[in-house]
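Below you'll find a set of structures to go through.
In the two complexes below, chain A is the common chain; its partner is chain B in one and chain C in the other.
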Partner chain A sequence: MTRLRSFLNRRSTAIGAAYVVLGFVIVLILIAGTGGDVGLALSGWFEGAFGNGFNLVQTLAYATPLTLVAVGVGVALRANVVTVGAEGQMVVGAIFSTVAAFAVGPHVPLLVGLVIGALAGALGGALWSLLPALARVRWGVNEILFTLLANYIASYLLTFLLRTALRDPGKVVASQSKLLPDSFDIPLLPVQGQLHWGTALVLVLVVAAVIWNRSRGAFLIEVYGQRPILAARLGLTPTRAVVSTMLVSGVTAGLAGWMQLAGVAGRLGPGVSAGIGFAGLAVAVLGRGNPIGILIAAILYSSLTTGANGVQVATGTTPASIGTVTQGVLLLAAGLALASGRFRQTLLSRRSRAASGDDEDPRPAAAAVTREVEATP
Partner chain B sequence: MSTARGTELSLLGVSKNYGGAQALVGVDLRLEPGTVHALVGENGAGKSTALKIFAGLEQPSAGRIELAGEPVVFGNRTAAIRAGVGLVPQQLSLIGEMSLVENLILTRPTQLAHRRAAASALRAVADEAGLTLNLSAPVRTLGLAERQLGELAIALAQGARVLLLDEPTSAIGPHESGLLFEKVTALASTGVTVLLITHRLDEVRSVADHVTVLSHGRVTLDAEVADVTDDDLVFAMVGEIPAPETHTLYEGGDDRLVLDGVTAQGSGVVPLRDVSLTVRAGEIVGILGVAGNGQGTLADTAVGIIEPLAGSVSVGGAEIGGRPEVAREHGVSYVPEVRAEFLLSDSPVTRSAVLRRLSDPAFRRRGALQWGAITEFTKGLMERHDVRPRNPAINAGALSGGNQQKLLVGRELDGAPAVAVLHGPTQGLDLHAAAAIRSDIRRAANAGTAVLLVSADVDEVRELADRILVLSKGRIVDEFTAAEFDLQRLGRAMAGLVDHTADAPAGGAR
Partner chain C sequence: MTGLTFWAVVIAGAFSLCAPIVLAGLGEIFLERAGGFNVGIEGMMLMGAVFGVIGSLRGGFWAGALEGILAGAVFGLLLGLATAFGKADMIIVGVAIGLLGAGLSTYLFQALNPAGQTNETAPTQPILHLDALTSIPLIGPGLANAGMFFYLSVFLSIVAWWVMKHTRFGLRLRAVGDDEVVATTRGIPVRAYRLIAAIIAGGLAGLGGAAVALSSIGSFTPGMTGGTGFIALAVVIIAGRSPLGLLGGALLFALFNSLALLAQTKDFGLPVEIFEALPYLVTVAILCVVSRYLLARSKQLGRRRSAPPASSGIG
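Let's turn to the complex of A and B:
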């Protein structure tokens, strides 16, 4: 049923994979260059990331928020809306969850606590993404800039609240909140290590995203990403496309903030987002916006963090920071894959057009969308 | 730097391969000084490739170029310019914010500071060639024909002895075309060598001394223009063209698309002013006008993409002003001027093909789009509208321009929609593709579609339309039926020479 779609993506996916492989080759050369044994390093990485139940759980635990953030960002990317605000949306989501938890208090059943926490987190993330979305559709403000800068506002808001209203009065030095009431903590899965039920929820969301991807709505979002005026004719206005996709990415980021708060830390601290928002963007690009691709990319990305110690232990010479280096190389590979996919496409179509001699088209595609629908509110 | 003397320039046995495809096969083409040489052929016949080889933009795979009898190699554009080969490209290359003088300076970066020298050189060239040009006004304020002439003057000022003109009239009206060709003929009479690429036979007739026809990369005819008939030329270009679908003359259906006193501002410079028109079921109404007189705004407003500032747009009685989705729901199809705008170039043809039928329950099951069924539908669509190659899996952007257009027109006209707004549906297409699209248009009209045909192609509108409206500076300045067609009257109206105040009542007060 999705044969065509996989055909569509096959070539670009192959290119993407090639760049990722190339990235790993570069990393292996680095390891060899620093005197490490490449074979040892690889087995060390695998051991550290997947080698035993505990390490595997660690990897999955870190992949959980990454996947969640990336699925939402992937939806926005389909609409050609580039949001880099997941970091701030996570923070605001976590703040909302914290405030909701202390406002409601400990005397509610677990399920109610979870639902309230999740809803508050989603609401916070959504509000924080709504601002740039509205600014873009109303005044044409660039969403990349707005979301990026909103991250700083969220971060300082967090710092401020942790020193004032949400501060744990029992702690003199550390600026963090009190522990959440028990009924707001996400329970752990019955496995060895720190894997909470949020991981299951994320898997459900991934499945939902796979199903949604086949819908008319998803297709329309994609049409909007390429041809906004055409999408308007099909009933999807720019306002709805931008606001809905940014809201989805805000909601997922807000939920990720809630999970880090209620599933991992147990209390609100300054490190609640910990770069996961930015990493999630990278994972979304690496996974090419496809939910399954994102899941794989998130696990791979996460394994670099968890496997890095394994590499250090196994080789003895290669420091664990090789994981961070690899993540950087991967990011670069993702960017290159995106750019080259586009380049190859232009090259191919240009060549086939030249071959058929049909290079006389007086209407250049680049000049196409000058009549932005947004310009006529 | 002499400009008066032309030179002989030839292709001898030139072939050009792109990958596996042969764009040119053993082409001999000899341009003589003091003559206008027309190069005609369908899209894909190899005209542009030949032009690029002359201009130094492409290298021949086999064969050679001779300049005044001596073999030469134009390794790049600069080498060809140095040898005196000037190019006036189809998409004008001048920078709109700059004057002609400044544009000339841009082409000669080594003389960057010599504005006065450049100005006097350009003035001298223009005077010698008899071109009256405003050299110091920003190019965008010049008319399209004047811009073409400006390109010409700049090429001459660069020392061109050979001028390559790539479909120079594709964007200008008959009035300006006449003006342009007058100057080109005059230039040739001073000894300059001119190569004119076109696919319009009337242009060949009116300006060219010699004509070469290319078909599938081979020369199929090479003769003095005086010695050949139009039929010879058409046969050399395309072999045979299938007989067109005939249009049963419209006999008065109900009003479908009604614009009433519409004033609108698009992104173009020329706004639409107080335009009223009605298109009835089964009728084809043609909008003629020189490009850039509000056509784009008119088409976009008629389909709801642009919201009118005043007046109303309705389809079958339903007001649609500014709501494109409502227009579409009421059966309004649209082929915009820029075809890429309504195709998903980087996705398979299926995705572009299904866009008008997205809500069709046959293509959805429990919310999921059924790409299998859509692929079958796409195959049928490609079959019905002769889109080649018939492969629904390739990207729409990989189709040739003509086939992209057939895909788009086919999608929009398939199943005879209530209203179709078509902007330049055959622009830049070869005779075969254009004939196929015109047949599609007639077939739709015969089935009851109300067609609004916006075009700069006089012949096409004359051939198809039941009624013709002339658009100039955003206003409808003249209207006549196909039976009343008069080229002279049309030319005057298109050039804005019609006294509009006489037949415009209160609306013209602005």
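Let's turn to the complex of A and C:
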């Protein structure tokens, strides 16, 4: 059985690799087709992403919030809950952190400032994810739609606050807040470039996620994602599964918002989320929900963004938006590769399910879940 | 008198703003009736917008509309192939197509118009000038001066309603979405129908994107659809996937949008951002109410008939 599974995994990995290679070839054809030099583009990408210490640190710095968001989204994905709301949750987290920092003021020790900032960010992200979670379990509202729309509401809230209450009165043109008090800034790591201690915290969280992945809770969540009825029989109700996983993803996104605020920008500005929330979902899928996979996927994904600037500099004609194109192609390839793996897994599990006689119909639990499934388009 | 003209202006704005929502939403209805869901709708609309501008620059408005449809349809084909034939997850492919569309539209625009070059403005939609309608109170002036995209969306809504209700194709499409297994046993090529639905969805999303770019601006800016596609997704659900309901729902949301645009130039005593967020807030609120109603109804149905047939047409 295990040998069979490892064979299948190897095979789906090979198919996945083939899709990814095909995707990169298409991107290179696109670059050539729009008058770019493929060789220059490739070396430009490597130079921009990893070429020197500074660029490498830039890549790792962008991978930090990506990993954080993706670890949380990955937990929700396990339960088959798709939250596209990390973008808005980051924004609200950053707003909460800013408000907390200015409310407490500069006269606290660094450690207290950091803890308050992080907690406020986590709280903001959690609140913004609780709304769609409750709407889904109470009224069957599609969480994808709710979170998508909530992102726009969060961004208008940010614009409003930056124009009014949180605006730096000293600045006339750009709408941004004052610099955070020093005791709220995340200190930088002793390396060349802008890498802060938040990166270390993210690595700790990745390790924690690896450990959690082996727990009973993680297993139950996964069961809920595949067979909600079975999970209900094992004691995990749909309400708890959906609310808890969405809260986790909200907390990580809120923390990511705090890190971008207190570790990178130093003040609240309109670009605090900058697409990181969406990218986090892509990274979670690419990493197949596995924390180590997510870490690798985040660095790869991040290298496409930082490398794209290198491509633009090196070729002079190929715009940096080629990075986003490549990310889309990569995700599409991953989706197809996952499907070729999952299709076989479904066959496998159907066979083993028939063998263990799990096909009887547990009516009472089924009714609740079916209702929910029906109400969620 | 000033109050009346004010609302007439708001309504006239709504007629032009509803077109992208209706067009993209109609495509989504075809897709959802066949059992799909298109998270990548914004990406398709952006491709439609950039090709709409390119086509319109080259061959006038209709060439732009056609190229917008084609660009969206290619992405729809991609979605259909990946989900119906590649068995990939709808949501993952949707997010990928959203990224791809956003990236590729920006890339093509920047590659074709290098920075520093002045952008030409493409021909925008023709205005029909139906002067006979002007005398209708309140909505008359708006109707008379509405652009081609508005009349196109009204026309296509009726066509879509008719196709869905009265043709063999529509019936089979709904059968595929209602129960895949039954449809297969009746000899309907399920995957082919899903593919066709995805291509229609893409083409109409592309036309909707072209409507964003060619309504009055005539040029492309990265990310210019700004969530219109997501609003279309929500309105489709709220309207119960009916084309005529979509038309009504889209008009309502366009009304709020139009109000938000006017709020930027006038002072209504409330922050501008509240008006800007209003379409999204209202969408979320109505979505909650409608979902709650649907949930209650499905509970009732479940109580009355212990085992409802899968093809009972819920939703």
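FYI, the second predicted complex is superposed on the first by the 303 of 377 C-alpha atoms of A that agree within 3 Å, B and C clash if a C-alpha of one lies under 4 Å from a C-alpha of the other, contacts with A are read in each partner's own complex, and residues count from 1 in each chain.
Note that a contact is a pair of C-beta atoms (placed from the backbone, for glycine too) under 8 Å apart; a residue touches a chain by one contact, two chains touch by 3 or more.
Everything quoted here is computed from the prediction, not taken from an experiment.
**Q** Is A:336 touching the first partner chain B, the second partner chain C, both, or neither of them?
**A** second
**Q** Under the stated touch criterion, which partner chain does A:157 make contact with: chain B (first), chain C (second), both, or neither?
**A** second
**Q** One more residue to check, A:324. First (chain B), second (chain C), both or neither?
**A** Only chain C is touched by A:324; chain B is not.
**Q** Thinking of the overlay built on chain A, is A:226 touched by chain B (first), by chain C (second), by both, or by neither?
**A** A:226 contacts chain B only, not chain C.
**Q** Let me test your reading of the model: by the given contact rule, A:179 touches which partner, first (chain B), second (chain C), both or neither?
**A** Neither partner.
**Q** A:28 contacts which: chain B (first), chain C (second), both, neither?
**A** Neither partner.
**Q** Shared contact residues on chain A, chain B side and chain C side combined as an intersection?
**A** Dual-contact residues (chain A): 367, 370-371, 375.
**Q** Could you please specify the touching residues of chain A with respect to chain B in the complex?
**A** These residues of chain A touch chain B: 1-5, 7-8, 211, 214-216, 219-220, 222-223, 226-227, 229-230, 232-235, 237, 345, 348-349, 351-365, 367-371, 373, 375-376.
**Q** Where on chain B is chain A touching in the complex?
**A** So the residues of chain B in touch with chain A come to 18-21, 23, 43-49, 90-91, 166-167, 170-171, 217, 266-267, 296, 300, 303-307, 322, 324-325, 327-329, 334, 337-348, 350-351, 355, 358-359, 364, 367-372, 375, 392-393, 395, 397-398, 400-402, 427-428.
**Q** How about chain A: which of its residues touch chain C in the complex?
**A** On the chain A side, the touching residues are 30, 34-35, 82, 84, 135, 138-142, 144-146, 148-150, 152-153, 156-157, 159-160, 163-164, 278, 281-282, 285, 317-319, 321-329, 331-332, 334-336, 338-340, 342-343, 367, 370-371, 374-375, 377.
**Q** If you look only at chain C, which of its residues touch chain A in the complex?
**A** Residue list for chain C touching chain A: 32, 37, 39, 43, 78, 82, 86-89, 91-93, 95-104, 106-108, 110-111, 114, 222, 227, 230-231, 233-234, 237, 271, 273-274, 276-277, 280-281, 283-284, 287-288, 291-292, 294-295, 298-299, 302, 314-315.
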